[in-house]
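What follows is a pair of complexes built around subunit A, which joins subunit B in one and subunit C in the other.
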Partner chain A sequence: MGIRVISPGLATSVQDLGRPGYYHLGIPISGGMDRYALRCANLLVGNAENAAVLEAVFLGPEIEFTRNATVSVTGANLPPKVDGDIREGWTSFDIKKGQVLSFEYLQAGARAYIAISGGIDVPVVLGSRSLYGLGALGGFNGRTLQAGDEIGIGEKSGNSLAARSVPATLRRMPGSPAELRVISGIYWHRITEEAKANFFEDTWRVASEADRIGYRFQKGRPLSFIDRKQPFGAGSDPSNIVDSCYPYGSIQVPGGTEPIVLHRDAVSGGGYCMIGTVISADMDYIGQLQPNMEVNFVEVDLDTALAVRHERNSGLQQVREIE
Partner chain B sequence: MATRYSFGGDDHIFAEVNEAMSLEAFFTSLSVTKAVKESQISAVTEVCPANASYQIKFDPDKIKPKDMLAELKRIESEAASAEAVISTRAVEIPVYYDDPWTRETLMRFRERHQDPNSTDLEYAARINNFDSIDSFIKAHSESPWFVTMVGFVAGLPFMYQMVERQRQIEVPKYLRPRTDTPKLTVGYGGCFACIYSVRGAGGYQMFGITPMPIYDPQQSISYLKDFMVFFNPGDIVKFKPIDRNSYDEGVEAVEAGTFEPVIRELVFSLDEFQSGIDEYNKNIGEMLHGN
Partner chain C sequence: MSNQQIVSPLPGIFYRRPAPDQPPFKEVGDAVSVGNVIGLIEVMKSFHEVKSDRAGTIAQFLVDNEDAVMAGQPLVDLND
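Then we have the complex of A and B:
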């Protein structure tokens, strides 16, 4: 055993880097929404980058440790406390058997990653410990944490790695308003020139429907579609297509009103046309957006997307080299 | 119509074989995705066939997106010359049509439906010019279906009926999606049948329910012990209408671990099928009910 959940937070789940390979059966990759923060949390406590951690959203859990461990909290600014004493985020610290980890209120971002030396030890399902909530698959008993849960921690390797820290310049968080870079495409040709311009011009706000499946945005002008005779099997609404796969990060606009960006627990397909896809390096930022935050979609090309991805990877490499 | 390719961000390629649904488009999707899997390109992490399109996900740190696209086009041109023949299986799915659970649910969401004064079955039968629910159920269950996509949520099959386009059933989705659908509901939207693998939201019309689970993350159901998802794209499905007694017996058999799905292996040839659709479908029916 390793930890006992006193209070679970809002929707705290076990996540690692996810479960690729089953999307063609409707089982999404899952895993931390902010993969960079998840990797950093693990590196700080000496875990493999893919070790399972706790992802807390908006509200932190309260956890009693039943053995000694090193812990780090990255991602959202959700200040951790040990027996009531504040600890620094993005920095590892020790917790002793019997001590309680709790959190201050959320100050910025949306999701915090709590890594524990040794990693969260729940069964590996289809190659991952990540929870896929819609399918009641993986995680702790196929669900988010509840009060009273007792969860195992893996064997920790070596000595304490407390007081290691990710420098402030490498703590990636979205700006304000957040910029999500997008490669337009897929069914981009289905909306009018005016709608194309408006989509990138308007400032959108994160709606209340914002979770691991996807984020919905509102307050931009509605997008109009080019008239056509709908193809056989596509359904009658102009935003409909013959049901297809949905890329992670793809942007669909049911009825032309509120764009939805699919995330790590994506529905794998459906009948709404996608007008583009958020670049891979910016997917992590979506996991840190709170409802009502302002967002601008910014059009970029493929080369820019790859350059940003390269830059993000170099940042991660620097974190890997922290002593 | 040539396949249209588009990048989905920097780590997906989306390929639309055809804007419209057809068995030919599905077969192209199935054969290209099969060839991509067999090519074992290590940078490819997901290969997803769909109804009339397909999608792959790749690691752009390992292969440049433009090189991935060139590789995909090469694979597609090779696969295009292959004969449309697949080794697959036919599965019989028992369906209790017009059951009390989907009926109770559809009554709760009547204000979200095109026709609040009839049931989903009555509505679908009428707009497809059937003279009764019984003749509609006969058309739904008499000819088999291809599983043309598995997804939306874990293990949910989309199915396209193996009949000429003029005989395809078409039904719009609910005006606004329901917040609830019973698990194992047999649904319909556009030109696709589906089976809801889990309870949850849904917009498809509801026609009935099957006692046969198709997704089991616990892997405790006898025929899902090896793998938690029952369906694969390319499976052939034949619905068998059952009554309340058979439904209850089915549920009990699943619980007792004695339920055995009726499954027959077969080699499907698109050309053979198209040269005599009714005869071909009759043979599939006899394979399932005969031996």
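Then we have the complex of A and C:
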């Protein structure tokens, strides 16, 4: 045992870096939506980067600790409190047996990662502790947390690592409006030149339905498709294709109206054409977008995407070297 | 005098009615007590009740029905 849930928050789940290797069977990769923040949270408390943490979205949980632990909260600015006293985000702190961790209202971002020294100890399912909610797979009993849950914490290694902090320059968060960099995809040719230009010109807003499965964007101009006779097996809407695999990060636009970026709990295939893919380094940012936030899609090439990934990884390397 | 507010715990879309064909939870001038529902927030494909954490009388709504709201945003001014 290690923690007892007093109030669960909105949809707090156990997540690690995910469950790759089964997407072709329809089981998504899951794992934290902001993987950089998740890794940082673990590093701050001396865990392996892939240890399981709690992902809290929009609203923090209230948790009583039944043993001593070191804790860190990264990602969204969801200020943590220990017995009512504020603690700093992106910085590790100690919690004693009997103390209660709770949170202020969300100040910025969307998802906070709560790492506890020793890691959340739930069974490993298909190589991961991450919850895939729709499949009732992994996590704590295959679901988000509920009041009264008692959850185990792994053995912590070594001494307290309290007061370690990620410097402000390395706390990655999306700007406002957020920029999501995109590489055009194999169905890019299906939309008109005008639609291609509008897609990047328009400022989109996050729809309230956005979740771990996909983020939907609205308020941009509808995309028009190039006329064609739909091939055998494709649906009748011009945004339909013959069913295909959906990559993580791919952008589909059902009916040409509202782009959806598939995220960690996405379906693995279907019949909507994908006009492009958000680059891997920017997928973390999507996990930090609140409903109604403004977003611009920015076209980049593969070299840029790889350079940005490299830059993100060197930031992570700096966090690994924090004493 | 207005000196208290009810804030939204979540970002999302604010609704004043439990369903489109039903009357609003509360109107200006209505009394609220701790735990009374004053509206709904829609986010991530589900609806969450906004409950008052204090007692008073509703002086005004600070956002319209179906407005987008941020976490911590004041929704209602309350009089004692």
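General remarks:
Rule of thumb we're sticking to: the second predicted complex is superposed on the first by the 323 of 323 C-alpha atoms of A that agree within 3 Å, B and C clash if a C-alpha of one lies under 4 Å from a C-alpha of the other, contacts with A are read in each partner's own complex, and residues count from 1 in each chain.
Going forward, contacts are C-beta pairs under 8 Å (C-beta built on N, C-alpha and C of every residue); 3 or more make two chains touch, one makes a residue touch a chain.
Please read all numbers here as calculations on a predicted model, not as lab measurements.
After superposition on subunit A, the partners subunit B and subunit C are accommodated together without colliding. Using the contact criterion defined above for the overlaid structures, shared-chain residue A:235 touches subunit B, although it does not reach subunit C. Contacts of A:11 after superposition: subunit C is touched, whereas subunit B is not reached. Angle at the C-alpha centre of subunit A formed with the centres of subunit B and subunit C, after superposition on chain A: 110°, rounded to the nearest 10.
Once chain A of one complex is fitted onto chain A of the other, the partner contacts of A:106 are limited to subunit C, with no touch recorded for subunit B.
When both complexes are overlaid on chain A, the residue A:250 reaches subunit B alone and has no touch with subunit C.
In the superposition on chain A, A:292 makes contact with subunit C only, not with subunit B.
In the superposed model, A:209 lies in contact with subunit C only, and not with subunit B. Residue contacts after overlaying the shared chain place A:58 against subunit C, while subunit B stays out of touching range.
Contacts of A:25 after superposition on the shared chain: subunit B is touched, whereas subunit C is not. Set against each other, subunit B and subunit C differ in how many residues of subunit A they touch, and the higher count belongs to B.
By the touch criterion stated above, A:185 is placed in contact with subunit B alone, subunit C being left untouched. The gap separating subunit B from subunit C at its narrowest, counted between C-alpha atoms of the superposed chains, is 11 angstrom. Shared contact residues of subunit A with subunit B and subunit C: none. Put simply, subunit B touches subunit A in their complex at residues 6-12, 14, 16, 18-22, 33, 45-55, 57, 60-61, 64-66, 149-156, 158, 160, 165, 168, 170, 172-173, 189-192, 197-198, 200, 215, 217, 228-229, 231-233. Looking at the complex, you find that subunit A touches subunit C at residues 10-11, 57-59, 105-107, 110, 208-211, 290-292. Residues of subunit A touching subunit B in their complex: 20-27, 125-126, 132, 134-138, 142, 183, 185-186, 231-236, 240-245, 247-250, 267-271, 274, 277-280, 302, 305-306, 309, 313. Put simply, subunit C touches subunit A in their complex at residues 7, 9-13, 42-45, 48, 68, 70-72.
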